[in-house]
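Following are the structures in question.
The two complexes that follow have chain A in common; it is paired with chain B in the first and with chain C in the second.
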Partner chain A sequence: MNLTDEQVERYSRHIILEQIGAAGQEKLLAAKVLIVGAGGLGSPAALYLAAAGVGTLGIADADAVDLSNLQRQVIHHTADVGTAKVASAGARIRSINPDVRVREHPVRVQASNARDILRDYDFVIDGTDSFASKFLLNDAAWFTRKPLSHAGILRFEGQLMTILPGKSACYRCLFREPPPQGAVPSCSQAGVLGVLAGVIGCLQATEAIKHLLGIGQLLTDALLTYDALTMRFRKVPFRRNLECPLCGENPTVTELAGAPEQACDLSKGCNCAC
Partner chain B sequence: MCELRECVLQIPESVRQDVTAFRETVARYLAGELDETRFKAKRVPMGIYQQRTGAYMVRVRIGAGLALPAQIRAIAAVSRRFGSAHITTRQDIQIHDVPIEATPDIFDELLAANLTSRGGGGNTVRNISASPRAGVDPEQVFDVRPYAIAATEYLLDFPTAYNLPRKFKLAFADKAADDAFASVADIGFFAHIRESRKGFSVYAGGGLGGSPRTGVLIEEWVPVESVPLVAEAVRRVFDKHGDRGNKHAARLRFVLDRFGEERFREEYRNEKESLTREGVPGTPPVPRMFPSSWQDGLSEQAETLPPDALSPFIVPEAMNGFYSIRVNPRHGLVTSDALETIARLAEENGEGVVRTTQQQEVLLCGVPGGLVAETLGALCGLGKEIFDEARPSVVACAGAATCKLGLCLSRGLAEAIQDCLAGDAASAPPPIRISGCPNSCGNHQIATLGFAGKARRVEERLMPFYDVMVEGLVAEGKARLAQRIASIPARVVPDFLADAKRTGKYSKESLQTLATRYETLPDPIPEDYFRDWGSDEPFSLAGRGPGECGAGTLDIIRVDLETAKGHLATARNATPDRERDEALHGAVFSVARALLPVFGLEPKTHRETFRDFSERLIKPGWVDPAAQALIDAAQDWKVGDRETLADAEADLSALIERVEALFVSLDGHLQFRLAPVSESDPTSDAAKSPQDAEKDLRGVACPLNFVKAKVALENVPVGGTLNFLLDHGDPANNVPASFREQGQEVVAVESEANHVRVRVRRSK
Partner chain C sequence: MKITINGDATEVSDGLTVAGLLVERKVKMPEMVSVEVNGEILKREDFSATTINDGDAVEFLYFMGGGA
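Let's look at the complex of A and B:
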């Protein structure tokens, strides 16, 4: 692929960077990233990946835009209320950057379709809002060997980690299984600082770009937590767990399975991205 | 078994999005926000080509040549509002004379009928063609339609499908007699059954046009399930090794030529192995089996026709009592009325599908014997331009009438041939295939008897000529390209064929003997030799241009170069001085003129030619400055101020060599890839190394000049160098400093009057 003059100009501030250059930009244009959930986390991630010229962006979301989303889901505008989130996000991405091809998946990612949806992408961003979905994506990423950026937000706290299946620790290495239902409050009960979604979603986009370009160090084998009230970032290292039910030596999770919807748990670390 | 409408090509979701995005592209172009070149890069992949007239043509994909009556009606509705519809040799239907602002609405209309022109042009998977009688042909091995359709849907849904080095054509033949032209496709599949399993033998790397060749066998047999695997593996070989830098040598066949068969197969096997390990990307669609072409409702009318009722237009099908009917619109041009009638006939009297063929014809299949007469009657009612059983079979591309690449008016010749050969089918020649230029849209390169248009300079004027091609053959394992046996003026082609028809002999030898007679031009040359068929004007190349692809211009350059070389050879052997000097003068003139079309110039006089050559090629340093003395000498000699040109021969020979090297280095944008000969020191490395090109970044502000410089350097291999011209001041300071910062080697910085020349070596 050769960059057009228009592309050289559009991506000039990338191309100038020693670690990117035209070759790196061409990699981005050839890359495919799936964003599951066009919500608080997915919005900033999608906007920046589109602007960065990631050639194909898949957006999976089954919901329609609700007025209460607009406080943090910045890819949707007031006029979009009531329309499908994939359509609203798709339109915004195209207007930011016509180089980007948008694939809209207007479905809930679940056990029956996750492998098929993930299969054709190079990187997956978890922007979902429930434990069930986060475990499902972690498992689907393992079975399809797709790199995944996991993240969650609640109130004033966010967390994220990057998973290279088979190479680095997975979500289940840390949390074996979803907490029992009812043990945790959901976001609609707990509330979230809108801008927090922006910070964490942008960190996810950063990881995606670094992975696609093969530069820097990824946030693997570690959990990054961020407290907006105290402005404290903490990076907690941990290892692959040999007893992990998914990627350990004697796995018990051997196929994708649906789990009942779960809400998030403040005490166990925040996992909700609503 | 699926419903018919589910079996034909389904448009992938991504294409729907592309169509939506294109509406905005057109709006931006019309608002002046998008320049011509950038717009072209977006419009051609949408299947929109500009015609010679300035209006546009939309090329609608007809997957495997199968269209539903409703789809044909949608095309008819668009064609009724704008221009004619044309069936192509790759089974597409083109709609002509469309204004660009109407294309977004047309796209929506086509999409509503499940049709698209996306990928009708550009560097992508083009329409996948298939044997036109698949499913009804008694000779078929099995029905290939489901596999052709599934392969199209699979390959079209990848974003990368649109960024291939060049176009990519697939074909599925349902038997060894190759009526799908699979033996000259980028990937050709031939149906074979092994141990009761359906599968294909696979050939790859074939193609017509410049440097044509037949495909080579890459798979003896694979089961039908492996089609996506094989197609994707070949696509990857093409993607990785196709030469994107040179659009004239970018097709897969050039990879095959470059690698040789062994390495080509090895690269293919490697890709196939890694795909087998990883699994093919995406989800290949499941091939959908077509319902029977022989409708239950028509079975009462199924009756066997007597042998004398059959003709090349009425052909029996595998089911007793059913027939295929060929409709042969002249030049493949169909009116919207005809399309609507054909759609109705397919619906009421046939299988419910309108099929397009590689002969630019329409096929109605599944017509029961009892309805053949009525169907023929309805077709005859459309007039002889649409259906004419007496018309000899002549396939012609659109030619110079609308195509920007066309040299000759191929359709004009086709009509002249049809008029002169009409009637008396017994001694009629084999089907004739005509292309208006050396590209092979009329498929002359596989014709039993074909013609390819070209231009020649005769007495300093252009004359339309045709190469006579014979003995082309498509068939599995036996395919061969047609050979050129002669080049004859366009004017005499019908006479030549009439002569051949009188003898009734069409063997290579007898045609060659005959054609040789027509190669010699009469003296004096009648004026009509300088006119093409279907035109009253003297033959010219006005309106041609690089257009959508530079091939036509290149041919003209080649003609002048050959002429220059011919003159030089003559000069070396000529004895009287006068004759020698005349030839040398002719050579100087031809070589001076050769490259001017690259700059869009077609000077009329010697004086203008020499002036333009000096301005465009000598002053910018593309050729040695010594060339100026050469053209001065030639002009002086002509007016009698100089005795002889004998001493010019060495310089002339060097100049021809240089001009030829520049010509060979032209890229798809008609830019020289060779560096200019340095003005200051013609023997410096800069003049010698082909990598050492120059990038002019004057007038480009910081930091975009560095960005562009960096992009250009990334295209140079590690160790290679590149010169940049930069403005004085910030650019001259910043760009070299930035390169050093990023670890590249700045070899030289030379300050000149109007700019600074910076030489950088790519060290990583």
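Let's look at the complex of A and C:
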């Protein structure tokens, strides 16, 4: 692939970086990243990856834009309320950067479709909002050997980790299985600082770009936690767990399973225990 | 004894188990926490059998399921 004059100008601040250069920018343009969930985490990740010139962005989300999303889901605008999130996000991405091909997956990623959806991508960003989906993506990334940026947010705190299946610790190495349903409050119940989603989603996009370029050190074998109130970041190292039910020596999770719980959403009459 | 919890030096009762520490630290939902002691993730079943020692580095890592 040869960069056009317009691309050389558009990506000049990347190209001038020694670690990226024209060759790195061409890598980004050839890369395919899947963002699961066009919400609080997925919005900033998608915006920056689009601006960065990641050539193919897959957006998977089955929901429509709701007014209560706009406090943090910055890829969607007021006029988009009621529109499918994949369409709204897709339009914004194309408007930011026509170099990007958008693949819209207007579905909830679940056991039956996860492998097919992940198969064609180079990197996966978890921007989902339920434990069922987070465990499912971790497992699907393992079975398809796709690098994954996992993240979770709540109130004023967030956490993330990067997973290179087979090479670094996975989400289940740390949290073996989903918590009892309803034990954990969701964002709609407990609240979330809008800008927190931006901070964590941008960190996920950073990991994607580093992986695609093969630069720096990825956030593997560690959980990065962020507390917005104290402005404290902590990187807590941990090792791949030989007793991990997924990637350990005697796995008990040997296939994708589990119906996804509905993301808790009070506006639609939440009846979960949270 | 003195241990660190999530990076902060903290005074706790002597001879505590991990389960006891969760109680003493008033962790409301222990089922929501993974515990790492000196870099090792503990199995939940081992919380009551694992004793905390002076100088240990303990991490409480909370489930965080939000994202939208």
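Operating definition for what follows: the second predicted complex is superposed on the first by the 259 of 274 C-alpha atoms of A that agree within 3 Å, B and C clash if a C-alpha of one lies under 4 Å from a C-alpha of the other, contacts with A are read in each partner's own complex, and residues count from 1 in each chain.
Criterion: contacts are C-beta pairs under 8 Å (C-beta built on N, C-alpha and C of every residue); 3 or more make two chains touch, one makes a residue touch a chain.
It should be emphasised that the depicted structure is a prediction, and the values quoted were computed from it without experimental measurement.
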Chain B versus chain C as contact partner of A:8, first or second or both or neither: first
Contacts of A:56 with chain B and chain C, given as first, second, both or neither: first
Partner with the higher number of touched chain A residues, chain C or chain B: C
Which superposed partner A:220 touches (first chain B, second chain C, both, neither): neither
Touched partner set for A:71, first chain B, second chain C, both or neither: neither
Which superposed partner A:159 touches (first chain B, second chain C, both, neither): second
Which of chain B and chain C A:30 touches, first, second, both or neither: first
Shared contact residues on chain A - chain B and chain C: none
Complex interface listing, chain B residues touching chain A: 13-14, 17-18, 21, 24-25, 38, 41, 159-160, 163, 244, 281-283, 703-704, 706-708, 710-711, 714-715, 738, 741-743
Residues of chain C defined as touching chain A within the complex: 6-7, 29, 31-32, 34, 36, 39-41, 43-44, 59, 61-68
Chain A residues touching chain B - in the complex, by the definition given at the top: 1-4, 6, 8-9, 12, 15-16, 18, 21-23, 30, 32, 55-56, 90, 94, 98, 101-104, 116, 119-120
List of chain A residues in touch with chain C within their complex: 37, 39-42, 69, 73, 126-131, 134, 151-154, 157-159, 173-176, 179-180, 183-184, 186-187, 190, 192, 197, 223, 225, 234, 236-239, 241, 243, 263
